[in-house]
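Next come the structures, one after another.
In what comes next, chain A is part of two complexes: it sits with chain B in the first one and with chain C in the second one.
Our next item is the complex of A and B:
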């Protein structure tokens, strides 16, 4: 019903044909647009009238198929409170002889990086993009070679060409300084380049250049058996190993028509919460480092270490690798482990309460965090910001509730209290994180109580069905990650795409930094706590 | 303030005594796979990381495991090969050359096992600390270099500074500038976008310097391998002194590797031009 209203409204906005069908999942909608030039008008209807946000953009090279074209899928999700678990895909065909689509970035800022990425990797030009600089491929990559086109051999090393210096976007004027930072940083952190322009201490503009850790993982997975490619997906990002492993598995299970058994779904959700816990606890500690509160840093690190040692006892790996597996869970939770876990979580809770008490009672820390690195509510919506950063700016979104996965797919899902705040500053992000730690610990208790004896794994037979698409969204510690997987005719990976929460959140860090002073940047950055590796892939 | 001090006292000492005392990993820990010679060894395609290889000669089917590539996923030790390969507990796997990380057995021959030189962790650690004293007067300062890792190895390196591992007690520390460093620890397979930064940073470290490749990606390219965006391991770009296998290596495995690396200083190559 709602779908008919939506399709009718899209038809009004479009000049060319608008053909809708269900898919990839039965509850989703895929809309083929006869003319790519209709995109801006149709997207305006989706984000305006139907309160949708951009979930991801997936380009594919189908020149070797009967279609003989490139395709771009713009995938949206409704974000109004109580919205259903649905993805709406706008599908346009692109002529390989003239690979162009109209850019959406001016009216849909969240599309910015997606469009630049497909320009780099597929050679599909977003016409009218306000900032068409390269994104993923850095200096010295030859023009006209597009690594995600099927004709390109992913194992090929392409010679580095002489290159001009990258045109950083900077502010200019009297007394304006440029401060280049990175890609190699002073601490043990991931690489990225930050170009600040400032007047005195005040940041005027921050141009963040990422994708230094681009390893070509999506290409690497193409052509593999989907069961083998899982091990790559699980390793896209260390601290999101469970989330990304699970997102890949759920997309694959949709394609294979296999459902993980109930006990496995509970174990998966427990694993997801354990991942959230060690991340959030460590992140609260790391924010203290940015505010020079070393007792807080050491406490956070100690609590995190305790949780990671627990991970190693449960999964044999401190990042919980090896627990989730296509079809279900690879390891069971014995009673011994569960009581060990209960004790660990009790200590974590009291440790965190104590740490938060110390932070809140310490004016020199609170003063650094309050009003620092503001992210406005509307900016969070425009950029489709995810996770803690979105919730701390009053966006009530959580994929555990909005796109049920793991144990939340049960007919009687566990209760989830989604934590939000309205301030949008570093303090809000820290307090939301701390509240989420408490909620996760409660949730693990509830999930454990639901455990019933039963099988751990549904068998996924090979070859898996060909020519199918799976889509999933997982609430990782950093927010919603969207996975898109398609198999080729032989049941191998034809295309896999991950849109990590950090991918949408990095531009928000740059915005928030512009409300701060240069010395506060580490604090702002740590309050967002984003990954580079799952952004860059 | 008083409360903070009281709390610190209540918490007590949480620091491990490794390597003075051994670290026993938990039951489920997946360390180096143990290949049983003379057993029904799996086809090499089982390994998603390409760590298993085979060759045939008159003696039969030789199966070799490259610990530098292994991501310790445990797949080769699952049914139906559980009897042929088991996941061992050994995590002290750091080696000075790639060949030392190759373990080869013959499917039909129980007697044939070829592996790198046997390691003696205790003697290694003792020699290493003697070396730290002799060359660097107690301290080894390292610069971390992320060459495109998934961040798991990076987080384990930062864990070395937490109150539990506290590597400063061993005279090891991480510094902000390569100019202040005696060596680098590199994580990740060296991406195309970082190759220049990696070379320049290492060149900024004064000679003699040690280069330690931490984790499967740095040691061999790992599961990511070589491709348009990845060089496939640190030694494709720079000479490496010590390789530390693991995905990621647990903190004690990294401590072990760093201590092995320091022992290397007496045998350093002459300064490079």
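Our next item is the complex of A and C:
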């Protein structure tokens, strides 16, 4: 068994004990490290020898349990093509009296934000982190109060402390300018502060500060019934409602040991593709706005609007909320709706073909997109970039294939053509999106053909089993989102963590911006089109 | 009234007309653009509504701005309107008294641009400074070429006064366009989007501060001040279009300024402006904005055309 080889290799790298067991899912592996200081060596084996990438990092406060410690789980996934659907969890126990773990960021750049977040919310210090500034908590939050510790009451107001100006990471020198942008922007977008340092129009460095919309949702879900907490998970982000709702449901269903019926799985996948469609089509239009190609902007908006009106006819709202629920699907697709859907998708396809034809045939647009905002293949791997951004830089990853969910968990899953490109520029991200729209439309057709009458829901009885972990990875419109859910002894939510694709992709935007000039940044940003809410939670 | 010369009343009427219909031209361009993009679009009177709204609002000013900042909008508007006095709208003849010529007109427009950039720098905002520095990078590439186009036409007429120039040529002159005229007009078409702050050089509709040129310089203005700046932008646009029509399509009453003649002149002017507005809307809907560093290459095409036109005229 391959796992034995993996555990043996980890054993070689470690000084302390390495105890491996299956879990959280039967095919997964959880490795307890006796010494936290073994982490860097063990991680080097995972990412080097076994070509794995960081999926997520989850810290938990278990001081109230018999273990009496804080725990950090570093969860990895294999990224080699054809790798099995597996998560490898490295579990480290942290002493609450001296909460320190060695930082992995210098060898594993993808861990950067995870470690800073852990430091902010749990007070677990990543020793040796090259950039230990606060990430999630903003100016005025009192020092020494860690909101995700169990001792902190989420309903409590904290006093605002006087704060110094946040130390932005900027370049200095003669002729170097700082350009502060945001957090409030002119368009209808979410808040984020971007601090450029530039010489003339050339970007030297971009320091992005997010988490202005940090609402403490993970804290809010703790202690809720998992069935109620679903509604919070679904509302983490508007344009990823289906993906996040589905990810939470799949994690919960693992814990409850319930599988959604086949018709529900198909409807879930159809909903996920519809969400991808309206996002991708709108994003192609948004890129045109970044290049000031008005025809493309207007066409993208028009096509997106039609798709969102279709969503409203299906689910009663434009974001398809309430369609996916724990145990299955809440709404059925009638034959009338399906023929309406088929017509809408036909129009969308011809509209998109026309739009892409005009973009590709227009040298002024192509010139703006070509070579703009380059993301190198290796950088995409190092930062564990997800979704369209990764695939446009030649990383062949798609959670629908790599971590099957929805209809892809069938014994005979629908065929999926994963679109990739190698250029890694804005043009590649646009063409990958357009190809994925075509693939999604084809996929919806295939999923609809597979629909057969049947039940929509499996019952999840309360209380759900306690002390269990569920993990799922969903290919949201922006890429792989990893959900991690654990119930307490009473079957309530003990800890929920979402690692959204945007969380891993934001640092890539900053990197890509450094290959561009200042007035091209909106274009670079729009070619990634990331969420703030998903990242901030 | 002296034969061949036009009274001061008509000059003032011209000027007022230009300022008043400036926003309408913008509204029409916006409407054509919307239709070309399969949108309904706002009504053509929208720019007037925007200005009326702004004139009623209060002013918010950056702490870093000096006292000079508040007078910027008025000065910019004044310079632009003064430039408008030099454009023949209903006339094709010089005024009774010496007022100024095309060079004066370009100088006033340059002054307005300079004041706008100064105001943007004065407010101390990052976007204003960025917009000003970009505008000042582009302006030296646009203004000399405009000057060359004016000279290439003025050489043929022997005067730089636009009314006299129009009168000298007469309406039938368009039938005898020479290579230099075609080249000069081509240069003008290349320069028009740059001078009016439109795609492919600038994007007047954007909210993306990092991409802005002209709009970036207006960000720190608010209330009536912003209203003046917008009115000045509209006026600048129609003055530029008026310059093109005076240089290349002179038409209007010369001998007598009778009511019929004036109306005919105004009607002809409206048609010329509408055609040029349609051209701008078409360009804006067909192309994306150029990469900032490509703008000099684009303007270079205009430079070559203008230089050749001038050379042909002299040789």
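Note that the second predicted complex is superposed on the first by the 537 of 537 C-alpha atoms of A that agree within 3 Å, B and C clash if a C-alpha of one lies under 4 Å from a C-alpha of the other, contacts with A are read in each partner's own complex, and residues count from 1 in each chain.
The working rule: contacts are C-beta pairs under 8 Å (C-beta built on N, C-alpha and C of every residue); 3 or more make two chains touch, one makes a residue touch a chain.
Bear in mind the structure is a predicted one, so any value in this text is a computation, not a measurement.
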Original post:
Touching A:152 in the superposition: chain B (first), chain C (second), both, neither?
Top reply: first
Original post:
Is A:347 contacted by the first partner chain B, the second partner chain C, both or neither?
Top reply: neither
Original post:
Given the touch rule stated above, what does A:294 touch, chain B (first), chain C (second), both, or neither?
Top reply: second
Original post:
Between chain B (first) and chain C (second), which, if any, makes contact with A:531: first, second, both or neither?
Top reply: first
Original post:
Should A:302 be classified as contacting the first partner (chain B), the second (chain C), both, or neither?
Top reply: both
**OP:** Applying the touch criterion given at the start, work out whether A:179 contacts chain B, chain C, both or neither, answering first, second, both or neither.
**Re:** second
Original post:
Hey, is it chain B or chain C that touches more of chain A?
Top reply: B
Original post:
Can A:364 be said to touch chain B (first), chain C (second), both, or neither?
Top reply: second
Original post:
Should A:187 be classified as contacting the first partner (chain B), the second (chain C), both, or neither?
Top reply: both
Original post:
Which partner does A:520 contact after superposing on A: first (chain B), second (chain C), both, neither?
Top reply: second
Subject >> Shared contact residues on chain A - chain B and chain C >> reply: 186-187, 295, 298, 302
Original post:
Which positions of chain A touch chain C when the two form their complex?
Top reply: 177-181, 185-187, 201, 288-295, 297-299, 302, 362, 364-365, 367-368, 517-522
Original post:
What does chain B use to touch chain A in their complex?
Top reply: 3-4, 7-8, 11, 14, 25-30, 48-49, 71-75, 87, 144-146, 148-159, 161-164, 174, 176-177, 188-189, 191-194, 197, 201, 222-231, 247-248, 250
Subject >> Residues on chain C engaged by chain A in the complex (per definition of touch) >> reply: 33, 36-39, 126-127, 130, 134, 199-200, 203, 205-211, 284-294
Subject >> Contact set on chain A toward chain B in their complex >> reply: 137-138, 141, 147, 152, 154-158, 160, 183-184, 186-191, 211-217, 219-220, 228, 230-232, 235-239, 241, 295, 298, 301-302, 304-305, 308, 312-319, 321-322, 330-331, 354, 358, 531-533, 536
